[in-house]
Structures are given as C-alpha cells and as structure tokens.
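After this come two complexes, each holding chain A, first together with chain B and then together with chain C.
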Partner chain A sequence: MTDTLILAQATVGGIEQFWQMVVGGLALGTIYALLAMGFVIIFKATQVVNFAHGALVAVGAFLVALTAVEIDVPGRWIPSAPTWVTWALAAVLGVALGGAAGMVLERLFIRPMVGEPLFQIAILTVGLDIVLRTIVDDFAGLDGRPLADPWGTATATIGPVTVPHTQLVQLGVTVVAVVAVALFFRSRTGVAMRATAFDQEAARAQGITVGRIFGLSWLLGAVLAGVAGIFASIFPRAAGVSSATAFVAFGAFPAIILGGLDSIVGAIVGGIVIGLAESAASVYLTGFSNVLGSGFSAIIGYVIMLLVLLIRPYGLFGTEEVRRV
Partner chain B sequence: MLSVENLEFVYNDVVLVLRGISLQVPTGKIVALLGANGAGKTTTVRAITGLAAVHEGDITKGSVQFEGADITGRDPSDVVRLGISQVMEGRRIFAELTVLENLRAGAYTNRAGMSASMDRVMALFPRLVEKRSATAGYLSGGEQQMLAIGRALMQNPKLLILDEPSLGLAPLLVKQIRDIVVEINQQGTSVLLIEQNANMALSIAHHGYIMETGKMVMDGDPAKLLKDEDVQEFYLGLHGDEGDRKSFRDVKHYKRRKRWLS
Partner chain C sequence: MRGRPQLYTSYAADQALLNTGTKRLSFALFGVVLLCLPLGFIPGFRWAADADWMLVLAEVAILFIAALGLNLLTGLAGQVSLGHAFFMGVGAYVAAILGSPEGPLWGLGLPIWVWLPAAGLVAAAIGVLIAPTSFRVRGLYLAIVTLGLVFIGEHLFRNLDFITGGSQSGRTFPPLEFKFWKEETPFIDFATDGDWFGVELTGQAKTYYLMLGLALIAGLVAKNIQRTRAGRAFQSIRDRDIAAEITGVDEFRYKTIAFALSSFFAGVAGALFASFVGRTIPEAFGLPLSVEVIAIVLIGGAGVVSGMGMGAAFVIVMPLIVRTITEWLTQVAKTGEGVFQKIADVLVSTGTFDPGLVSASAGSGPGLNVFQLNQVLYGLLIVGFIIFEPLGLYGIWLRVRNYWKGWPFTY
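Coming up: the complex of A and B.
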C-alpha cells in the first residue's frame, strides 16, 4: 500500500525500514482480519458466502461519516466533552447502525432464501453488494466524505518507527474486537451460534431459534466490517469514505481463503499474514518493478493464496469437508 | 399428557409416511414405540417436536396435544419451551463443542434453571463430570449417548422423547442406558421411548405401541406384547418351538406376512 511505502522510505534502509514495514503490515493486516472474521462468522453460522461483505465495510464507514459529520453527534449533544470521546461515541453509533443494517438485510433478503441452493444465495449477495455500493457512492460523490476523526495526521515515534496515531488506535481496537468475539463465543448465545453452525437441526431440537442466530451473525459480521471500514477510510489509508472503500475486501479475500473459510482463528492469522506480505512486497519488491511491474504488492496476497491452496486446498485452518459453493 | 390423534404426515407433498396414527403418553409413565426400519417412528418424533419443516414434511391431518394445548405444527423452540425435549436419533451431539458447552446449548431455553439441571445431569452421568472439558466428538459412543440424553435433560423437560438410544451400543451399555431411562422416569419425567430393541424397551415400559408402515398395528401392556407370537417372531427372533431354527426361505410368502396385517 502506498502509505506504508511513503513512511517506509522516510526511514532509510536497514532494520528501521524492516520495523516500519512490520508495523505498516500489522495495520493493514488487522483491517483484513476484522473483515475476514466477520465474513467467516456469517459463513459458519449461515453457510452463506457473502459477496456483499465489502459493501458492508463501505456502509459501516458511510454510517460513521453520517453520524460524525452530517448528523454531527459530537457537536450537537455534548460539545463540552473531549473530541475523541464524542467522536468515539459517534463511531460506536455508526457501527451499531451498520450492524442493524446487516441484520435487516439478512431478514429481508437472506431469510426468505433459506433452503434454496447456496449458490443462488451467493449470487443474491452479489446483487446486494452492487446496490449497497451504489448507495454509498451516491453519498460519497467523487471526492469522498471525510470521517472527521480526532487524530488526523498526527504521528508518534516509537523507537525506530513512525506510527500514525490512527494505527495505534486501530491496533488497540482490533485487539479489543478479537477478545470480545472470543468472549462472545463462550456466552450462552455464542455457544448457541456455534451449535447452530455445527448442526442446524440438532440446534433447533434444543430450542435454539435458528433464525435469530442467523440475524445475529449478520449483525456481528456487519459490526466487524464497519470497524474495518472506519480504519480503511481514515489517515493514512484514505481521506474518507469513497467508492473505493468497498474494494478493501479484494485485499481481504485471500486472507479468508488462506485462513480456511470456516475458521475464525484462520481469518485472523490469514489477515495478518496477507497484510504483512503486502507491506513487505511494497517495501522490498519495488526494486523489481521492471520485472514484476508496479503495484505488485496488490496481488501478492493472491499469489500466496494460490500457493497455499496448492498444498492445502481447504486453507491453513479450514475443515476439510467444508461445503464449497 | 401427550396425545397424538390420527396424525397423517407427508414428505415432499407426495410421500405419505404416517397414515393416521394415535398414541398417548400418560404423565409419569414410560411409553415404548416399536417398529422396524421405515415404519415412521422418527417421523412421528419430528411431527411432535416441529422439526418437520426442515425435511420438507407436513402434517396433513390430525393433531398433537400436550397438556391440553394444541401443539400441532408449532415451532420447535416453542415445543421445547413447553417442556418436550428429545434425544435425536444418532445422538447428534455438537462434536466441535466441549461436553460442558453441549450441555449449555441444551439449556438454551432454560436459563433460570440451568445450574439445577446441570447438577441433575452430572449426578446421573458421573462420566460426563470427568470429561466435562473434553471435545464431545472424541467421546466414546456410550458417552456420546449419555451426553445426548444429558443435553436433552438440561431443558428440564416434562416429557423426554428418546429416539433409538440403544442404536449402535454394546449390550452392556444398552442395559446402562435402560437403567438411566428408568431413573429419569422415577425423577418425574415422562418418557416416550422409541426403539427397535423390543426387549429393552418393553422391559421398562408401562405401555407399548407397535408401528408398521405408518400405522399403529398393536398396542397394549408390555408383558402381553412380549408374549405375543408375532412380536416374539419378528422383534425378538424367537419361535414357538425352542431350538428348532427356522429359515425365512422355508416360509411361504403369504405366511411371512405378519398375522396382524391379514
């Protein structure tokens, strides 16, 4: 990615460059991991391959732009509180709205399709993707909409590396999100969701309302996508939500496949690996641009994915007998 | 307590599986439902518990009453909440979850009474206490069956439906399961026991039903059923004259038909 490139070139060569690359890769990887986790949760619980996940990322960012800037939650109700508190509040509200949107989408479009061939449902999500992205594009316009985050372009210097404040926040938020998801899966509802993912009929026989679990998995997926969306549309990645925001999913796709489609741990590991690989490629492979062409880092994830699939067709952590669409 | 009246059940709009069956489970009793493969035993369970829709099945006639309320075609979660829980055929435990998580999944509708139910299950199945944090898929067949029964008990049901709990278990384990069923019943839970193992089921039941191709063909006192010539021949593998082995080949085809069908 270009931003890691710029930052990496600021510190010249050697070990500094390496650490700079690692930090940039982690920052990118956590976005992929958040996205991949949401995708895997939806896939595991409902068997739906959600091609609209990129659009959910954009919708999440769009809703945060809406709450933080258009509706101006911070300025309107609590102007005296520090900006980062009020902005965080707006972001939480936006992400929650995104989660609700995911649940509504599931109820309106996916639930009536239960029992239909999975392939048809997958195609339906392609349609959803187009519609949602069109809506976001229309709002964002050509220049995009800023999210007005309180950190701006400030950076911190930690040892040899220069890190934007936003990425520090991002790392923290990702850790919190992963822990929260892990805890959720130990709760009553989380256990019910895992039971449903394993055997829907047996779950029904325990009195678990499978429809509710479906809705919940979309809520969770959309929330994680929304969080990823925020960090994909602020400094240093972008200047706001735009028509390009949804395309972060293209980067996360190899992460999902690499991790193995039905493993949440795999999604996290896959996300970090692909993020690091992209970052490393953008730093170390630029010298080979006469051979590889420019922008090789954008496809390095797919190269890794293909190599891994040759050896482990079901991904690093995937179950072998997973039903593919 | 449970009464099934004249139930007719169709899969995929064409396959008529239950042709008007009726059965009663009185409060506090064990009722056995016997039948050969394809008789419609499991379908009966699905019709009662509302799991029919998953299999594209439909109740076309008749009704299911539970404690005076009509539960025909109700949602499975409602049925569970009303107090009917089932041990599914083939155990169907959540293999990827731990034993404890399986039990917690079973208590989904019984949040308030979970710890009491947990104590009860752990007292019934000391084996599960030892293995509580083991992954359920790695348990032995007998332990899995105990887990499946324990999971169903977590809902603290008034009526427990067991679908072939002896399936694929060694004789000693079958005996153990049988004793557990009796114990559960003595703790006040009514039981509908669905079995192919007639000996095991009839030895503990208070009343027995025999099903064949979607119809109830016999019912009555288990002791009486056990003495019945046809039950002996077709379910227990016994023939009137001891020691004299009989081959199906020697029986004229019209004689192979069970007497109750003619």
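Coming up: the complex of A and C.
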C-alpha cells in the first residue's frame, strides 16, 4: 500500500529496502490477519460468509472516533489522567461497543435465517454491508474523522528500518489478540464454540446454548474487526475513519480464502502472506507497471488467491469438504 | 376445456409458456400496455410517455436482460457469482472496440448487428474459461473467487486505457443505430425524434421500443432454456450436485454451459447498457453493479423469469420514488402548514443545523442525503426480502394470485 511505498523510497534500495518492505508487509498483514481471524470465527461458528466484515471494521473504528474524540469518554471524567490512558480506555470502550453492535446484528438479521440456504445469508450480509457503510459514511462526512491516537506520526529507527510507533503497537496488539483468541478456545465457552462449529445438534444435546454461541462469535469477530479498524484508520495508513476504511476488508478476503475458510491458523498465515505480497508488489513490481498496470499491488492478493485455489480448492489449511451421497 | 384451466389433454398444452387462459389474457393486456405506453393515451399511465420515463423503462429492460443471465447461473444452476459486472464490462468494451467510430481509442465503427452479438459471444467465451473454477471450487468459495474476478477485471479495465479510456475520462460507446455497414446515415436511429409507421415518436420512445423488443427476445430465450434438457440439468445440479451426477448429468459440461449462457446475457446487457449510457468509466463495471444485479435476482425471485422483470423495475424505479418523496417532503417542511408541516420538518433536515432523517441538499449536513437514503433502503430491501420473502416479488405475486384464484371461496 502507499505507506510502505513512501517509507521504502526513503531508504535507497538493497537490503534496507527489503527489510522496510517486510515491516510494511507485516503491518498490513497483521490487519488482514485480525480481520481474517474474526471472519473465520464467524464462519466456523455460524456457517455465515460475512461480506459485512468491512462494515464492521468501519463501525468499530467509527465508534472509537466517537468515544475518543467526539464524546471523549472516559476522558471527560478524569481530566488529570495522561492522554494515552484515556485514549486506550476510550479505544477499548469503542471496540467493545463495536462488538456489541456485531452481536445485535447477529440477533436481528442472522438468527432468523438459521437453516436457510447459506448463499442467501451471504447476500443478506452484502445488504447489511451497504446499510452500515452508508450510515458510517454519512457520520464520517467527506473529510473523515480522526481518531486522535497518542502516537501521532512518531517513528522509531530499528536497525535499517524506520517504523512508525503505531505499527509497533499494532504488532504488539495483534500478538495479544492472537494469544487471547487461542486462550479463549481453551476456555469453557471456547470449547462450547468449537463444539458448536463441529456439530450444532450435538452441541445442543450437550446443553450448549447454540444461539448464545452465535452471538458470541459475532461479538468476537466484530471486536477483532474494530481493532483492525483502529489501525487501518490511523497513521500511516489513513488520517481517520472515512468511506475508504471499510475497503480494507476487500484486501482481507484473499487472505481468508488462501488460508482456508475454516482455519484460524490459516487466517493468520494467509493474512501475513497477503500483506507481505502486497507490500512486496508495491516495492518491487512498480517498475513493471507498463505490463501489470498501475495499482497492481491492490489486486495481487486476488491473483495469488486464484492460483492457490486452482491447486488447493480449500485453501492452504482448510479442511476438504467430504461429499457424501 | 373452457372453465377447467387445470385440465390438460396434451403435453403441448401442459408445457405451453402461457398454459392458462388467464395467463394468456393478462400477458396480452400487459403487452398492449407496454406497447402503447409511449403513445401516452392510456388513462393513468400518461406520465410514462414522458421522455425521462421512457429512458428509465429502457434501463429496466437492459437490467432485466442482465438479471436473466445471472438468474440462469445462480437461480437455476445454483452457482453463486459476484462476477456478473465483469462479464457486462467485457461485453461493453467488446462493443466499444467493434462499434465505436475510429478515434484515439480503439474502434472499428461496425454496425450494431456485428457488435451486439459479438459482445455476447466474447463474454460467453470468457465465461467458458472461468467455468472450470466452479467445478474445482465449490459453494461459497466460488462467491469469493468471483469477487476476485470483479476486482481483477476492474484493474484490467482501468489499465487498458487504449480501449477503455482509463478512469479519468472513460470513453464513448457506439450509438444505438441500425446501419448496413459503415455508411454515414443509419436507416434507423434512436437518438433523434421521427415517425415510425406514421406515428410521431421521440428518440427516447424509440430506444424504449428497441430495449423492449430485445428484452422480450431475451426473456423468451431464457424461459425456453429453463424448459430444455440443459435447463433441467441446471436445476438438478442446483438441488443436489451429487444426485445430478448419478442420474447422468455431466456436471462439468452443464456448469460450463451455464457460465457461457449467463455470460452471453451479461455481455449483451453490458453492451446495451454502455451504448445506452453513451459514455462511462471502467469503475462502472465494479462490485456495485454486480450487487445491483444480484439484488434484482433476489428481490424479483431467484429462478423465475418474470420475477426478473419485477425485480429490475423495482430496483430501478424505487430510488426515483424515494427522491420524489424526499423533494416533496422538503417542500412541505419549508412552505406547508399545519400538522403535515410538523411531521415533514421532523423527517427532513432543511438547513445546516436542522436535525432530521434526510436532507434534500447533497452536502454532508445532518441526516442522510437522498443518495445515502437510497443506499440504506436498498440494503434494507435486500435484507428484508431475504428474511421475509425469499421468493421475492414473485412470491408476493404468487400469494396474491392464489388468494384470488379461489375467491370468494378462500379459507
């Protein structure tokens, strides 16, 4: 994407450029990984292909913009606290609200569709995506809304590469999120969710409230999307929440398919791979724009996805569908 | 068999397209209304003869053709495709290469009877190339693969600027006119007013007649495909692909045929659409167009030919109605009086600081603007139809029809 391009041009060629590209790719890849993870959790638990994931990104980021800037909660009650504390609290609150929104969406629109053809539910989420994105667009306005994060445009120099502080935070947060998700799936509720993903009826027979698990999976997905949304709308990626925020999810779809629709490990690997590929394409393939066309890095994910799918139709880590007669 | 419409004494009568007297009568009436609309003498429909409405109805006909294509693939064969816009784009640019006058961009200046079928055929050929993926990649994976197709296609269209003109300026498409070959004056054109068989018609009305005719042909073809061996094979693949294979349906072959037919319709519709609009940028053939066609299929009723017409009319006309209502409400809020003014004032935001649900001005004041309101309603309609009426408008029509079938002896 553009930021990696700019940063890469700052260092001149060679191994420095390579490492700069890797860092940029990881930064993008972790956003994709967060999105893909949430998407896969929703898909595994509820069998819903959620085309509204981009809207969840925008909603989450927008709610953070509301809590951190517009309403300034909890900052307005504790004016003496340092900015980064109040901002972090506001971000947590905003993301949590985003998660709640995901849960409400599931309850209102997805739950009535249990048992209906999956294709129809997928298209339903396309409709939801349009509605949510339009509403966020309207609130964000033409100029977008800044998130006023405490790191701003500061950068650190580690060895040969220049990394914005935000991306360091992002890497840390992603690691925490991955560990948290891994731990969650070992907890009692997490095991219940895995049981539901495996067989809904058997899970019900064991006393698991499947409906609650559905809601929980959407909450998790929306929270992860909201976290990704924060990092997708601050420096160096964007200046705030805008109508473009939701489109980051279209970059994440190839990551999901690459890893396999039903594999969380695949989602993380796929996200990082696609992020690195986009970053590499924007650095090394710009010289070939007369052949590949300008902006090729934006679609390289889809090209990789198509190639992988032709060889492995269920992605790298996805389970092959057993076709029984 | 007068009075016993359900009694068929021959296979031909049973299989007929219009197999009851009521269907024949209503279809004939509908046809007469559609034919007479531009003449503007049908009471209650005089407004439709207006030039703007003629264009709206022509657009409905074009999207009807596009939706027929997706309906074959998704409604009949059960293959989810978000890539319909890509095939429409292929059709449009093939038409542009063949039909547009020679200029800075590629164009051969050939007549419509060359570029229109060619647009469909080239799109169909590309559909055949894409089809094997649907054999390899199943179900919802296919949906995301075709999503990729739209993005890759848009990238191609944007970068092949010697054909498409690029995203800055776009390009002009061949005009709608009938010529024998490359001569100067077409023998039928659809841009200027003129008289046909002694009836004075506007250019818009002529365009409407052309699109109506093409839509009728496309509808007949689609309806007949449904009734052939291929159509039944599609439906069996949709219902249970393994069962279809066991009963002797060659899945690979029929999926390929479904993709080819669907892309043919898409290509023709894309060419007509581009030619109808006149000038457009590559981004016009992006994901929103695909979603629009899917919305038509779902709102109309997946798998039903007549539903596509209802869906197309609904999706195209609804935004116009919403706009008209919003403008009217704004007028009431500004100049009206009494309780209606109060209600309208709550709904509509008239100034920068006036709260309301909708704002008539296109800026980013409080409230959604008309375009955004339409987007929200459009999304909600997709959601609502899927949840409450999966058969779409056709399902509603079916229930209305069944109610009146037994009237007054209904339960």
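Keep this in mind: the second predicted complex is superposed on the first by the 319 of 325 C-alpha atoms of A that agree within 3 Å, B and C clash if a C-alpha of one lies under 4 Å from a C-alpha of the other, contacts with A are read in each partner's own complex, and residues count from 1 in each chain.
The working rule: a contact is a pair of C-beta atoms (placed from the backbone, for glycine too) under 8 Å apart; a residue touches a chain by one contact, two chains touch by 3 or more.
Please read these numbers as outputs of a predicted model, since none were measured by experiment.
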item: Fit or clash between chain C and chain B when superposed on chain A; value: fit
item: Partner chain(s) touched by A:Gly207 [first = chain B, second = chain C, both, neither]; value: first
item: For chain A as apex, the angle formed with chain B and chain C - C-alpha centres, to the nearest 10 degrees; value: 90
item: Chain B versus chain C as contact partner of A:Asp129, first or second or both or neither; value: second
item: Partner chain in contact with A:Glu70 - chain B first, chain C second, else both or neither; value: neither
item: Which partner reaches more residues of chain A (counting touched residues only), chain B or chain C; value: C
item: First (chain B), second (chain C), both or neither touched by A:Ala195; value: first
item: Where chain B and chain C come nearest after superposition, their Cα distance in Å; value: 19
item: Residues of chain A that lie at the interface with chain B and also at the interface with chain C; value: none
item: Chain A contact footprint on chain B (complex, rising order); value: 49, 51, 54, 75-77, 79-81, 85-86, 88, 92-97, 101-102, 104-106, 108-109, 111, 151, 155
item: Chain C to chain A touching residues, read off their complex; value: 74, 78, 80, 133, 136-141, 143-145, 147-148, 151-152, 155-156, 158-160, 242-243, 246, 291, 294-295, 298, 364, 367-369, 372, 375-376, 378-383, 386-387, 390
item: In the complex with chain B, residue positions of chain A that touch it; value: 188, 191-192, 194-195, 198-209
item: Chain C partner contacts - residues on chain A that touch it in the complex; value: 49, 109, 112-113, 116, 118-124, 126-131, 134-135, 137-138, 141-142, 250, 253-254, 256-257, 261, 292-296, 298-299, 302-303, 305-306, 309-310, 313-314, 321, 323, 325
